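What follows is a structure written as structure tokens; I'll ask about it next.
For reference, chains read A, B, C and D in written order, and residue numbers begin at 1 within each chain.
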Amino acid sequence: MATNIKKIAVLTSGGDSPGMNAAIRSVVRTCAFLDVECVAIYRGYDGMIEGDFVPMNARSVNNIINKGGTILKSARCEEFRTPEGRKLAYDQLIAEGIGGFVVIGGDGSFRGATTFNEEFDFPVIGIPGTIDNDIFGTRYTLGFDTALNTVVDAIDKIRDTASSHNRLFFIEVMGRDVGHIALNAGVAAGAEEILIPEENLGLERLLDSLKRSKKSGKSSSIVVVAEGDKIGKNVFELKEYVEEHLPIYDVRVSVLGHMQRGGAPTAFDRVLASRMGVKAVEALLEGKTNLMVGIMDSKIVLTPITEALRGHTKIDKELIRVSDIMTT
Amino acid sequence: MATNIKKIAVLTSGGDSPGMNAAIRSVVRTCAFLDVECVAIYRGYDGMIEGDFVPMNARSVNNIINKGGTILKSARCEEFRTPEGRKLAYDQLIAEGIGGFVVIGGDGSFRGATTFNEEFDFPVIGIPGTIDNDIFGTRYTLGFDTALNTVVDAIDKIRDTASSHNRLFFIEVMGRDVGHIALNAGVAAGAEEILIPEENLGLERLLDSLKRSKKSGKSSSIVVVAEGDKIGKNVFELKEYVEEHLPIYDVRVSVLGHMQRGGAPTAFDRVLASRMGVKAVEALLEGKTNLMVGIMDSKIVLTPITEALRGHTKIDKELIRVSDIMTT
Amino acid sequence: MATNIKKIAVLTSGGDSPGMNAAIRSVVRTCAFLDVECVAIYRGYDGMIEGDFVPMNARSVNNIINKGGTILKSARCEEFRTPEGRKLAYDQLIAEGIGGFVVIGGDGSFRGATTFNEEFDFPVIGIPGTIDNDIFGTRYTLGFDTALNTVVDAIDKIRDTASSHNRLFFIEVMGRDVGHIALNAGVAAGAEEILIPEENLGLERLLDSLKRSKKSGKSSSIVVVAEGDKIGKNVFELKEYVEEHLPIYDVRVSVLGHMQRGGAPTAFDRVLASRMGVKAVEALLEGKTNLMVGIMDSKIVLTPITEALRGHTKIDKELIRVSDIMTT
Amino acid sequence: MATNIKKIAVLTSGGDSPGMNAAIRSVVRTCAFLDVECVAIYRGYDGMIEGDFVPMNARSVNNIINKGGTILKSARCEEFRTPEGRKLAYDQLIAEGIGGFVVIGGDGSFRGATTFNEEFDFPVIGIPGTIDNDIFGTRYTLGFDTALNTVVDAIDKIRDTASSHNRLFFIEVMGRDVGHIALNAGVAAGAEEILIPEENLGLERLLDSLKRSKKSGKSSSIVVVAEGDKIGKNVFELKEYVEEHLPIYDVRVSVLGHMQRGGAPTAFDRVLASRMGVKAVEALLEGKTNLMVGIMDSKIVLTPITEALRGHTKIDKELIRVSDIMTT
């Protein structure tokens, strides 16, 4: 080992996502395996500032791999955005003898971590836990696969009733800045149209597509809409617009909402979390810092957090084309 | 057999519910078993008026018992509410040689059926297919059990994320006139409070209950709200109200919406549908008419449709008490 | 209150079933609501004999309503079958100041409870927790509905692959003495034949039925077999027999096994558990004893445990008839 | 377009897997989009030999994306292994005017396809549809992700009951030659030990590991065993062995069996199938042949079928290490 880190802390921060518990478990067990002490920090950076630390051993994380949410709680912390807040946090970590921490969260959490690292030269490693799949440097974020399946299950159910009544549904899914959930769920659920933040197809094309779908004899139409779609209308406004301009449809709306964040993680997310947790601890012990664990080309890799924060992963053009073909 | 009915028709009408396909299958297979012809009517009473009939045999309903929605489509039909519309429907049935029909639907569909029966002395039997469980004369309607499980699964998921962030959620579930889904799902999902159309607990009590829940150390609060709750506020207004009067909570809202109507039916709904379909066909062949099939005290029974239309099944006082105790 | 019971104990015993945790939660919360102390006994009667008691309050049972298994662990206890073992248990209960206990389990557990009650005049109430639904005095046992849905989901999956290959499957489900799971799951999953302990249809009829099914053009055949079927052959022997006597089929076997005991309880089982727990505590506090809580005609009722032990609930003849008709 | 293929055929062959219907749908819709005729071949190569062809249009594949199994049926075909059988098949394809086919299946199906291609210079493209994930040239086969989740769900359920009784379970999962399902499911379900065909850890190590697990205070133990494990004992023999050599455990066995092949495909498998189907048709139209579509580094790629048949994808050493660490 390249460092003399004796104790590692783990926390979850920001919006929760399925697989966070599996990642916590992996960090804790890897510490146990490598004979390093492990401490859990509750309630994200709030808990760090307040010294809400609990020692963990391999048994502390029994039976959590399949649980949604995070046993460590999570929060967005205003105080950690101030130098004073971060100083308090640093003092707590030092007092506890912690030599590095693993933070599981999204870009907001990583911004805090990298600033903290730069200010105090304190070792930090990030694990991307967010359902949005919008973090640069990893093909998949923790929770994306689970959220996708939750969305697809819900749309399958809505399809049943849509087909029975020849209805058109606008279904809003999460994704303020990126359309990964919308695009993948739309393809997987056989949506007739998909509206994402990355593209503005225009309302004309939407009406054309819906007309074509109706004419082709489809018994129902599903339009999946990302929260942040660029068409400039939310699902309720889209309903009104279509009812006015294309009165052949009985239109309904569904906003899937927070259920997308919960639920038992899929096999994929559990395996990914387990792999990422191992890598995070190993990286700290090898003296690495200010890095995010990711998966690229099916391999677990490390990317500078500053790099990860530079932008969002792009929507796959090929998948947009597949989507266009499937809605023939 | 007490009648000379040679051909029976089956249709679904009104809002769809899980288990309708299992009931269709049962009607068709029972006809086949008893050597009576069977005809499917598509798109509810609309299809009856237009003569949209398709002959069915035992194989026509292979592999549908586990499908949500209705393969026969469903609709609310304005024309059937007029004497002229019903006369057209009658002529179509007679022309096709149909001696009686089974209608699977809710109270709107039954109202049409009983009027039709009275006008033309035409044999009709109803099967209560609606997720609301609001039909007099049956302990359970088809689809209620499935919808309940869909709601509870969704709330379980929301609970994961609510617990991770110590949040309060108002979750709207279906039930305009009755609170069966809200009350049962609320108890099953461990909701802290349940607002139903049958009771007005008042906003004061809601605030008290939420305060108590917070004080007792609960990590999250879930309030299940039926669409038709009597408290006079929808979930969005409730959020505002609580944020204003009880600013200790981070409040979120979720409207579960149409996914509650779809999905593969539960074992209970499939068995219930199978039993109801047999009884419906047997009743017609025994010369009975204007009756609804129901389940009471675990037995399949018949109730006059006029009786079934008289009111909604009451909320179980004992279950309200259980709910109060559980939220201690 | 008719008694001066100040402290109530709760334990789970025998084979576990989904809904046990929901029942534990209900007992604990009802005690809290009625201001009676509550104590959990771990590992069934073993824990009673060893005094493995843990005080419970309303918060001890947070977030367990949706968990399979039992947080109190369960076991079959040989020692409790002896007078010496029971005396040790009695002494422990008295030493702890416990005035009565609620045991959640099956008939083995009830036999112990009723003997104990008779020997020491100690108040006991039983809650029927077993997936087999074989307890006299209740229409449904806790866990039956969940197990049924688990079985039906599994058969739905097997049907997919059976249909793709025109195969015949023998699927073994739980039920040594009674065929409730087999019969209900068979009807719900559209099985072509169902073999239960209560009936011996004979191998001839099975072959006839399979021949008929093949001839009618079905693309696959599913035969659901209860562990304790009376036909005298297990699923592996049935496979051999059919392959020898009816070589038109490609035959496979599946034994569903212990997964039937686990999983998150259904909405039905959670509500039932909540209602039963309330009734159990109330009964003890009203001075009642040696009774089992059950549900009959949708009402929560009490039956003498001695009565409950007298036999198994009968298979519903009407449902057997429905099954016969559905396999037309 | 580089070819003058006017009509493309699609078939499924060998063991079925979830996602096959989504792939069929994609092939059919891509043909429609690119204005090429499409024909379905029923029952694999059997149907090719018998000319069991059905023309498909975009609507023929409505509402199948979420269905398990294959609507085209599948089979292993002896006759296609003979030159005579393949000649018959060729004549049928030519008579129908088919210019190339897409076969969805495993290595057996690909062997047939490549031989056929070499004999008749007939354009063929393969899509890897098998739950085993054992095909060279693709990181994921169609159905693997779904099967994995099915296995993990089942183990989660078994864990519930195992924990309640402090039991040890040996759970057999599919995988005769490769341990991908066992290893991934084992990690995802938190198994204490995983036995795969690629490694022989020896019975000594198994006993040691079980002893350690017991000592560490785990409340249950799950050992996941691939069908083709190299330890030389099946799950029943393992049970006997452990009961004899380590009598501290109450040991049970579960064979998950054919349910692993069925069920609605996951979002991942549906998206993968959609992408692969597009690529397969495009490849044929570009004049490519004797290739298999795969996914490598998240990109859809083509590999010579002869290459794909050369071996199995290797187990990930890093994942074995993760597994070892997690079972600390």
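Basically, a contact is a pair of C-beta atoms (placed from the backbone, for glycine too) under 8 Å apart; a residue touches a chain by one contact, two chains touch by 3 or more.
Chain identities (UniProt): A, B, C, D = ATP-dependent 6-phosphofructokinase.
Remember, predicted model here, so these are calculated numbers, not experimental data.
Novice: Looking at the contacts, which chains touch chain C and chain D alike?
Specialist: Joint contacts: the list comes back empty.
Novice: By the touch rule set out at the top, what is the minimum number of steps from chain B to chain D?
Specialist: Each step joins two touching chains, and the minimum needed here is 2.
Novice: Just grab the chain with the largest centre-to-centre distance to chain D, centres being mean Cα coordinates.
Specialist: Measuring from the centre of chain D, the most distant chain centre belongs to B.
Novice: From the mean C-alpha coordinate of chain A to that of chain C, what's the distance rounded to whole Å?
Specialist: 39
Novice: With centres defined as the mean C-alpha position, give me the chain A-chain D separation in Å.
Specialist: Those two chain centres are 28 Å apart.
Novice: Could you grab the centroid distance between chain A and chain B? Build each centroid from C-alpha atoms only and quote it in angstrom.
Specialist: Chain A and chain B have C-alpha centres separated by 36 Å.
Novice: Where in chain C do residues touch two or more of the other chains?
Specialist: Correct list: 156, 159, 163, 219.
Novice: So with touch defined the way it is at the top, what topology do the chains form here? Options are line, ring, star, complete, other.
Specialist: Graph shape, chains as nodes and touching pairs as edges: a ring.
Novice: With touch defined as at the top, which chains are paired up in contact here?
Specialist: After working through each pair, the chains in contact turn out to be A-B, A-D, B-C, C-D.
Novice: Residues of chain C touching chain B in their complex?
Specialist: Those residues of chain C that touch chain B are 25-26, 29-30, 32-33, 58-59, 62-63, 65-66, 139, 145, 148-149, 151-152, 156, 159, 163, 184-185, 187-190, 216-219, 264, 266-268, 270-271, 274-275, 278, 296-300, 318-319, 321-322, 324-326, 328.
Novice: Can you tell me which positions in chain A touch chain B when the two form their complex?
Specialist: These residues of chain A touch chain B: 12, 15-16, 18, 20, 67-70, 73-75, 150, 154, 156-166, 169, 219, 252-255, 257-259, 261-263.
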